[in-house]
Structure formats: C-alpha cells, structure tokens
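Presented sequentially are two complexes of chain A, the first with chain B as partner and the second with chain C.
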Partner chain A sequence: METGVSKHEMGFFSSVLDRLCLTPLGALLLVLLALLPLIPPFNQQYLLRWLTIVALSAASAIAFDLTAGFINIVNFGYAAILGLGAYTSAILAVRTGLSPWIGIFVGALASGLLGFLTGLLTLRLRGIFAAVMAWFIGLALMGLAIKMVWLTRGPLGLRVPRMFDTSSNEPYYYMMIVMLLVVYVICRWVTRSKMGLAFKAIGQNMEAARTSGVNPTYYRIVNFTLSCTIAGWLGGFYAHYMGILTPDLMHTSKTVEVLAVVYIGGRGSLWGGAFLAFPFLIAMELVRSGFSNLPGLHLVIYGVILILVMIYLPGGIASLYYRFLYKPWGKFWEFMVGYKEND
Partner chain B sequence: MLNSYFARAFAWLKTAGGITVATAAVLLVAGTIDRGPYILVNTVVTGGMLGLVAMGLAVILGVLNIAQFAHGEYFMIGGLSAYYVIRPLHAYLDAHPSAFLAMVAPFIAMITATLVGGLAGAVTERVCFNPLRKRSRANWVMNSFLLTVGISVVLVNGDQLLFGTDFKGITHYWPGVVSIAGVFMSVDRVMTFILSLVIVTGFWIFMKYSRTGQAIRAVAQDEMGALMVGINLEWIMVLTMSIGCAMAAVAGASLLFMYPSYPTVGLEPLYMAWFVVILVGLGNVMGALIGGFMVSLLKVLTLEYIGAGWEFVVPSVIIILVLIFKPSGVFGSEVRSVLDQ
Partner chain C sequence: MSLLETIAVTKQFGGLTAVNRVSMHVDEGEIVGLIGPNGAGKTTFLNAIAGLNPPTSGTVRAFGEDTTGLTPEKMCHRGLSRTFQIPRPFPKMTALENVMAAAIFGNRRKPPRDPVAHSREMLEFVEFPESEKTVSENLNTVQLKRLDLARALASSPRLLFLDELAAGLTEGELKDIITIIRKIQENGVTILMVEHIMQLIMNVCDRLVVIQFGSKIAEGPTREVAQDPKVTEAYLGKSQ
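Right, the complex of A and B next:
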C-alpha cells in the first residue's frame, strides 16, 4: 500500500513499530501486558491463569475477525476448528509422544487443511449460507469428538501432557503474549498488503470485486485457510496449557463468545476485539464471581451489550477510537516520539 | 385425465423434491417393516411438531429475511410458560378431581404458551429488529442474524438467571395410553400429532384466504410493492415475528413431556429446524412441514440403526451435502436472492 511517509524518512523506532504494525499506544499496551504479572493484583497464580485464557481469546478474536470482518463470512464452526487443532496436537502427544512444540504446528496444519476444505465447500455459498455451512461442519466435528471415545475419550476428557514442566503460569502467559503478537502481526501484514484490499472488496460486494478482476475463489480460500490455521495453532496451545480436553471446547457457544468479543470490539479492525478482550472479559469475570448467587448474569450483560452494539454502534469500540481519538492521538505521538502512522 | 395425472406425478417424482420424498417414504416403510411400527409412530409424532418449529423459522426467513438463531429460545419460552401453568393446574386437579378440567387444563397451558411466545416475538421485533431496520438495511441478513445470536445469549442466560438450571418437566399432560396398530403410545403423543395438524391447517387457511395472510405473503414477495398498495409494513413485521415465535412456543409447550424445560433446551429444536429449512429451501413454508417429517424420520432411523449421539453427525453430513449440491433446497426457494448477500 502506498504510504504518506516513505520508509527511509522514518526513524528507527517508527520503522520497528511499522514492521510490527503497532501504534505507539499499542506498543505501550503490549509492554503493560508483559509487565502485568509483576503488578500486585495480577501476580497471583489464578489471576494469571485467567489472563492467559483472556489473551488466548484475544488471539482467537483476531483470527476470527480476519474472516468475519474482512470477507464478511461468519465462521460459525470456529470453535470446532480450534478444537480440531487442540485434539490433533493432544492425541499426537498422547499416542506417539510427539513433543507439544511440534504438535501444535501439526494441529495448526490439520485445522488449516479443514479450513481449506471448508473454504472450498462454501465457495458457491454466500453470507448466511456459508455461516450455516460452517456451523454444521462444526456440529459434525463436535459430534465426532463426542462419539469417537476410543480416540478422544469423549466427554470423559483427554489428559494431555503440558508444555512446560512447571505448575507456575508465567511461562504460559509469556508464550501466549508472544503468540498474540505473532497472530496480530501475521494478520496485519496480510490485511495491509494488496490481499487485504482484495478481502475487503470481496466482503463488500463480490460482484463488483469480480468485475474488477479480483478472483473471489482464491482469496476466500486463502482467508479461510489462514484463519483456521491460526485457530488450530491456538487450540494446540490451549490443549497443552489446560492439560485436559473435552468436546465442550468445540461447542457453538464458544464460537459465540469469540464472535461477541469481535463484534463489540469492532469488526474489520483486527485489534478491536483483541484490545477489548482484556478489560471486557476481566470485567465479565468479576461480575461472574461477584454475583455468584446470580448465575448467568454476566452472560446476560454480554448478550445485551452485543445487541446494543449491533444496533447502535456497528463499528464497535474501534469505530469510537477512529472517530474521536485517532487524530488527536496521532498528533500527540508525532510530537512525543516522532512516530507517524502509516496506514 | 388419469393418464395426465400419472404423467405429472412421474414428472414430479423425477425432481429433487420427488426423489427425496419418495426415498423418505421407502425408508419409512422399510424401517417400519424391519423394526416395527414404532418407527412410523415416532416419526409422525415428533415430525409434526418439528415441522411446526421449522415453519415458524421459514416464515420469519421468508417475510422478514431474518435468519433466526434464537428460534430455539422461543421453544424454551413456550415450554417454560406451559410448565408454570400446568403445574398449579395439576396440583389443583389432585385436590379436586374433575374430568372436564383434566381434559381442558393442557389446552389452557398450551394457549398461554402460544400467547407468551407470540408476545415475546412481538417484543423482540419492536425492541431489537425495528431499531436495526431503521438504522440501516445494509447487509441486513448478516446483521440481523448476529443480532439473533445476542438475543439467544440473553434469553438462555436470562432463563438461567430467573428460573434456574433445573429440569422443569412433567410426566404427562393427559394420563393414559392408547393402542394404535398394536403399538401402545401415550395419549400425549397422539394429541401432539393431532394438535400440530390442526395448527398447520389453521395456519395454511390463514395464509391462503385471510386478508392479513395475503398481506404477509405480499410482503414476502415484494416489500416495496406491498408498501405501495398500502400494506402496513411495520404491523405485518410484528405480526409475522409473533406468529413465527408462537409456533415455536406451542411446539415447546406441547412437547414439554418429552423435552423438560431448561435454559439450553432450544438448541436441539433449533438445529433440527435449521436442518429442515435448509433441506427444503430457505423460506419455503409448506415444504418445511414435509421436511419436518423427513428429518424426524432421519433422526429416528439414525437413533435406531447407528446409535444415540450420532443424530448430530449424520444430519450434519447430509446438510453439508445438500448445501454443496443443492443450495436452494430440494423443493426450491424463492427468497434465495435476498439471502444471498
């Protein structure tokens, strides 16, 4: 994409940030995340465990947004595809003793393959049909995970060797933060290249995109494959972090959780969902534990916010940022560190 | 005369719809001969109600172009309302036996459930879909679908919050069993089947002959044209949503003896109803009834021959095949172009 500032005009700091597709604010938040385990309320193990899960949700929100926000197809089987990666890696580790470090990439490959097939199968379908198709693929996968007890132990739960030989959560947390950054950077690189433009064109109007010489088939499959590969990778991490896997992971309600985060955060922004996941999911957890005599309250709030955002704020939190903060912040950072936003 | 009928019947049998219906009929007969008449009975009893749920879904799809993900929740609402009506009535009956009241009580429960479901649908339309429609019609199908996802989350967890997660079920509406063709089945099942037929017939007459029903069909065909001839669009939208949800609710109420009410009870009917609707073609209302029986048959056969738990896998595989090879459904659909965005 053509930019206002050419590369060699930028300082070292700006160019690093540009490579990582971060704004100074984003980099600051990332540093904050890295320091979080040292700050008092979060240095307790159970909070850190929770933070790791939140970071995992944030990362899966980014990959979900790559499909939902760009080519405008809601992958309703997302959780199941994530679960496929988790089960592949877990079963390989249990049956063949394959190291989790290789296993999560094999899991990613398996999910990516399924994503490729889903992309192929949904080619003739659009919008709601594709979403329903992905949903049924997800249901079939979950049904298989429940019924293939000899392989997955079904609802009994599959015990999975963990990644690190330690009961502390710090290594997992830092690994997850790195994975979050990697996922973000990959998705960002893809979407700010010409391919991202093609994705947006297909998402907005497929006929117009096709007329302009964009091949929807190719881009849809690439998008699906990439999104699902990342999901499988994250699923592998989940398996080796939690140490136990049940088919519940693949349930539609898990997809809905990711979907809510993405849409409240702002579809098509990539960072919206990831950014929102932290305050939002932590607040929800506080509501859940604070009102334990009212089970389900946090999910009601969750749903109400999703409805309100869908009706009154289609762009989510990200659109608020672009409307009110984008320009003043840009000026501020340009003044402070000489950073100029690129895209 | 007769010849031309046969010719037309054969021509129909060669279409996708004909092949599917014929296959289903053959399977039904084969299953019944192989395993006994209860295959037939189970198919017919649950098929009617499944058809009702799917018809509600199809009406909402066809007229409002909303792909309901929260349809199962209206099923749940119906079951819940019926439960809270029938329990006190049964308690009263235990204290004061009365043959007449025992006969009528279930109907009171079901009618209450229908009204509550219809009201819930109307409120949803006014509170959620109307503001969205006013705000933007761009990308409507996808946005309204996601809106129903939020509604589903709210209703499921609201139910959990207000009524708890325990199973709220009853053993029977009407006590006793009857014997039909050598199969003993509870009166409830027979009544459920009869009820579904009555409601479907009533609905068909309403859609075909009443002015309101014609207006609804007009809106489904062409919203702009309907507006031009002076149809009150907002009222039709509220009414359609209300009817669609009431159909799910009455199914939930009359199946309370099979599906006790708990927060996520709606998932299975939702899934089955979607399966029906995609099988017959989105928005095809009358096809949904036939589809209801076919899917019900498929479920019964899967349970019988493959085993419990596979009823989620087998239909999913079939629906994926339908979506690949015949995305407009076996009976075809007129609203596909709208939903194709």
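Right, the complex of A and C next:
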C-alpha cells in the first residue's frame, strides 16, 4: 500500500520500476528472458518453442494466483476457460476471417463473460461452491469442444491461422514475454490498490472482512472475472501460436499443472509461480521425455512436490525469497542504484 | 431516542433456541453491559443484531430504521462495529493494513481523507504496543484484542459491540482498557458490551441486561441489577 516512500522521493529508475511493479532483481530476470534466445542452447527453434509455452504457463499462473492466492478460491475450470478464449478466437478467425489480433481480445471477453456468470451464480456462497461449479463448467466446455465436431473438429484438431507469417519462433516468444509482463503488471496494479486490500481481507478472513464493511460478493466477482478474462486472452495467443487446437487443452489436468506451479512457487505472491514455471516446467518436460516408458511419472512428481511444499513450505519458493534474500538484496540494490522498495 | 432496539429477537439452531424473544434497547451515548452465565446466548444475540447470523424471528431497529437481517457489511456502513470474542484479524497482513481495511471499506458515511493517517491514529488510540508493520499472525491474544479494537474503531462507528474485550487481561491492562472505553464513549460512540469481569462492568456500564438460557431475566441500572437476587442466582445457583 501507499505507506512507504512517497513518489517524489524516488529517482527515475526507481519510479519506472515501481510503475512496472518490478524489483531490480525482477527487471534483471526479465532482461535475461529477453536475451535467452541469443544464448545457446536456447537459440534452437524447438527449445524456443518450449520456452514460449512455458512463458504462457507462467502468465496463466499469475492470473490463477490472483484468484487462488488472494480470494482463496481455486478455479478448477481454469484451463477450460483458457480454452474457451482459444476456441472463440480460433473459430472467429476460421469462420469469419477475423484478425487474430482482434480475435484474442474477443476470446478474452468471452472467457471473462463466462467467468462473470459463473461468479454471479456461485460466489455469494462459500468458496467451495465456486470451485466445484467452475470445475463442472470446465468439464462441460471440454465435452462440447469434443462433441461439436462441425464447429471445433473435435479431437481431430482445428487448424487455426497463425499470428505471424513466419515459421520462426522468435516473434511469438517476444510477444509472449510482453504479454507475461502485461499480465503481471495488471495483476500487481490491482492487488496493490484498495481493491487488492479487499481481496486479501476476503481471502484471509471472511467474517472480519464483512464486519469491516467489505462486500465479499462484489470483490470476488470482480477478481474472478478479471482472472478468467486474462486466461481467455492467453488462450487466444495459444491458439494462434500452435496453429492447431484440440480439446485436451481444456482438461482438468492442465488446471492442476498451473495449480501445482502456483502453490510450489508461492501462493499470493503473483511472481512465485511465474518464476518457478521456467525451471520447473522445463525439468518436468525433461522427465516426461526421458522416462517415456513411464507415462504419468511427471504427474506423480507434481503430487509429491506439491504435498511436500504444502507441509514444509506453505509459502512456497516466494517465502524463501522473503525470508533470506529480501533484506540483504534490498540493501544491496539501494546501495547500487538508489532503488528503494515502495511496499 | 434509542440507537438500537430489539423486539422479541429469537435465534434458533434446529430445535435449540439459543436466544428467546429478547427485547432490549440501547440509548445514544450509553454503555450497556450484556451479561449472563457462559452459554447464555450473549454472543449469538450480538451476531443476530450485527448480521453474521440473522435472527429467526423478531425485529432489530438500529439508527432509526429496521435493520433486521441486514448483512454485516451493510450494518458496518450504517455505523455498527464490533470486536470479536476470539479476535479475528487478517493473519497475513500487517497491523496497519488490518486497520486500513476497515478505514477504507467501513467508512461510507464520512470517508477519512487519509486512510493511512486515520489508521495510525486508531492504533495509537488503543495504545497498540507493537510496530504497525508487525504481521498480525505473530501477535499474542492481548495484542490481537487491541488490534481488533482499532480495526473496529477505524470504521468510525456510532454503535460499538465489544465481545469480552477484557477477558484474560492483567490488573494493569484492565485499567488501561477502562480508560480507553471511557475515551471511546467521550468521542460520542455508544457501546454494548458482553463482559464477565465485574470490576469492568461496575466501572463503566450505565445499565445492564442479563440473559440466562437465551432469555432476558433482568434489566436496569448497573447497581440495581447487580443486587437483584435473580441475577446472583443465575450466576451462583440457588441458596439453600
């Protein structure tokens, strides 16, 4: 909140970082991401393809955390909502020739609308109802995507026009990094505003929040809708990047993947899951391809790590940062570049 | 005029009647004590008025309008605040953020120009002993009670419910709390308090309402009620 250093005391560098809600370390990592395609082995196309998908997962982890980490509701239909955005944008492009650049925003609106309606129905009740309802809606959406072959071509896969007229992965990668930053900044702006205080209050103690005058239904619906809108937007990118869309994108296991990344990375930190996604999902992909005779092994590993983290490190990787690195790093950066965190 | 009036408020949980046709009133500027043995239904009665657990039947009139069954957030916006018997702050927030939540969202009638300054003022008012940056899950019960009181005051209430604020305090802390309660009253806030500690009740309450087994058994000025044989009987049992 606005309790720290006031704006005019900050230097130019600090105030830019503050607008982007980044610490110097975060900015450094972002620069590293931008340079990654130049560094071997990541200059190979197939690795860049992985990285792009991982960055997409990182961005969806941020929007998932907005709901799971702040208002304490796990959106089990998350992947399906993302898929709805993907299919909306894809079908519009295929049927009406709508430009993907507009389509991904229409997809975002469709997902946001569904999120809003789901929220309107369930978010006056306890959190578990929203979680279960979203899950069912997710299953239903996936069922529709499989059965409505005339529209989606079902499991055969819908061929989708791509965004850029090139076979190279670089433009997609950089666009995804920009989208990752945009998603992060939107979620950060929201959560450090007054609205974010309401989200946290509702997530941490519903009764105290209501007694303090916070209307839980309103803020939960806003939160849920925003998270779903972002998911739909990311889904649209996915469709026009992959060039082919199949219904298993919407499977609950995809939601669980995002959930694992968010929980292990640190619920409620926003950046924890996004940060973790890169090493973790790449490692998991290596496990999957390395042990191809043991399908599903990576899911077992997800489960084991998830349980261990929930028992021994409930704050996730992010809490390790806050416990050990936060203060020394803060001093270091204050000394180096005059940056002071406005907490 | 009464700031708060209940008419035959009843709260049932299944077959159990926790509060049975309780009618009472609190006038503007008063401190009224709501007393009774453990399990008498005092907290349930407060919850029924404040909206956390709306009454099964009966009418609640607060601030001159019918407020029966309004949600806690609406009651808060109308000017009712409360503390909890077991303090319930927002565990991962700092003390200051805890108070700010109420300062920002609870003040519909006259929002403070600077919520941060307003919140700091509240923490100072309750003599909060720790740094405002302390994360509230690290506070002990006594500190949490002060924080909860600061949170309740931050929404600038006209009517304040205190639910066993003084339970578990030492002699010295009790004196502090009495001073703070008096200061709250001087600021024009009306108080309804559930309390067991006689020293506090005798010191600050203008009137008492006594509840036993969910029903009101006595009501009146503090001295009179404290000497009422029915009340001593409720607490100590019948003398042979």
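The definition used in the following text is that the second predicted complex is superposed on the first by the 340 of 343 C-alpha atoms of A that agree within 3 Å, B and C clash if a C-alpha of one lies under 4 Å from a C-alpha of the other, contacts with A are read in each partner's own complex, and residues count from 1 in each chain.
Keep in mind that, in the parts below, a residue touches a chain if its C-beta (ideal position, glycine included) is under 8 Å from a C-beta of that chain, and two chains touch if they have at least 3 such contacts.
Here the structure is a predicted model, which means the values were calculated and not measured.
Trainee: After superposition on the shared chain, which partner residues are touched by A:Met310: those of chain B (first), chain C (second), both, or neither?
Mentor: A:Met310 sits against chain B, while chain C stays out of touch.
Trainee: Examine A:Leu259 and indicate which partner it touches, taking first as chain B and second as chain C; both and neither are also allowed.
Mentor: first
Trainee: Quick check for you: in the superposed arrangement, does A:Gly268 touch first (chain B), second (chain C), both or neither?
Mentor: A:Gly268 sits against chain C, while chain B stays out of touch.
Trainee: Quick check for you: in the superposed arrangement, does A:Gly213 touch first (chain B), second (chain C), both or neither?
Mentor: second
Trainee: Is it chain B or chain C that touches the larger share of residues in chain A?
Mentor: Looking at chain B versus chain C, the one contacting more residues of chain A is B.
Trainee: May I ask you to decide whether A:Ala198 touches chain B, chain C, both, or neither, giving the answer as first, second, both or neither?
Mentor: second
Trainee: Tell me which partner A:Tyr322 touches in the superposition: chain B (first), chain C (second), both or neither.
Mentor: A:Tyr322: touches no partner chain.
Trainee: Taking the complex as given, what residues does chain A use to touch chain B?
Mentor: 72, 74, 121, 124-129, 131-133, 136-137, 139-140, 142-144, 146-147, 252, 256, 259-260, 263, 294-297, 299-300, 302-304, 306-307, 310-312, 314
Trainee: Using the touch definition from the top, list the residues of chain A that touch chain C in their complex.
Mentor: Of all residues in chain A, those touching chain C are 1-3, 194, 197-198, 200-201, 204-205, 207-216, 268.
Trainee: Within their complex, state which residues of chain B touch chain A.
Mentor: Contact set of chain B toward chain A: 67, 128, 131-132, 135-136, 139, 141-143, 145-147, 149-154, 156-161, 165, 263, 267, 271, 274-275, 278, 309-310, 312-313, 316-317, 319-320, 323-324, 327, 339-341.
Trainee: Which residues, counting only chain C, touch chain A once they are in their complex?
Mentor: Touch list, chain C to chain A: 50-52, 71-73, 76-77, 81-82, 84, 88-93, 96-97, 100-102, 104-108, 116, 151-152, 154-155.
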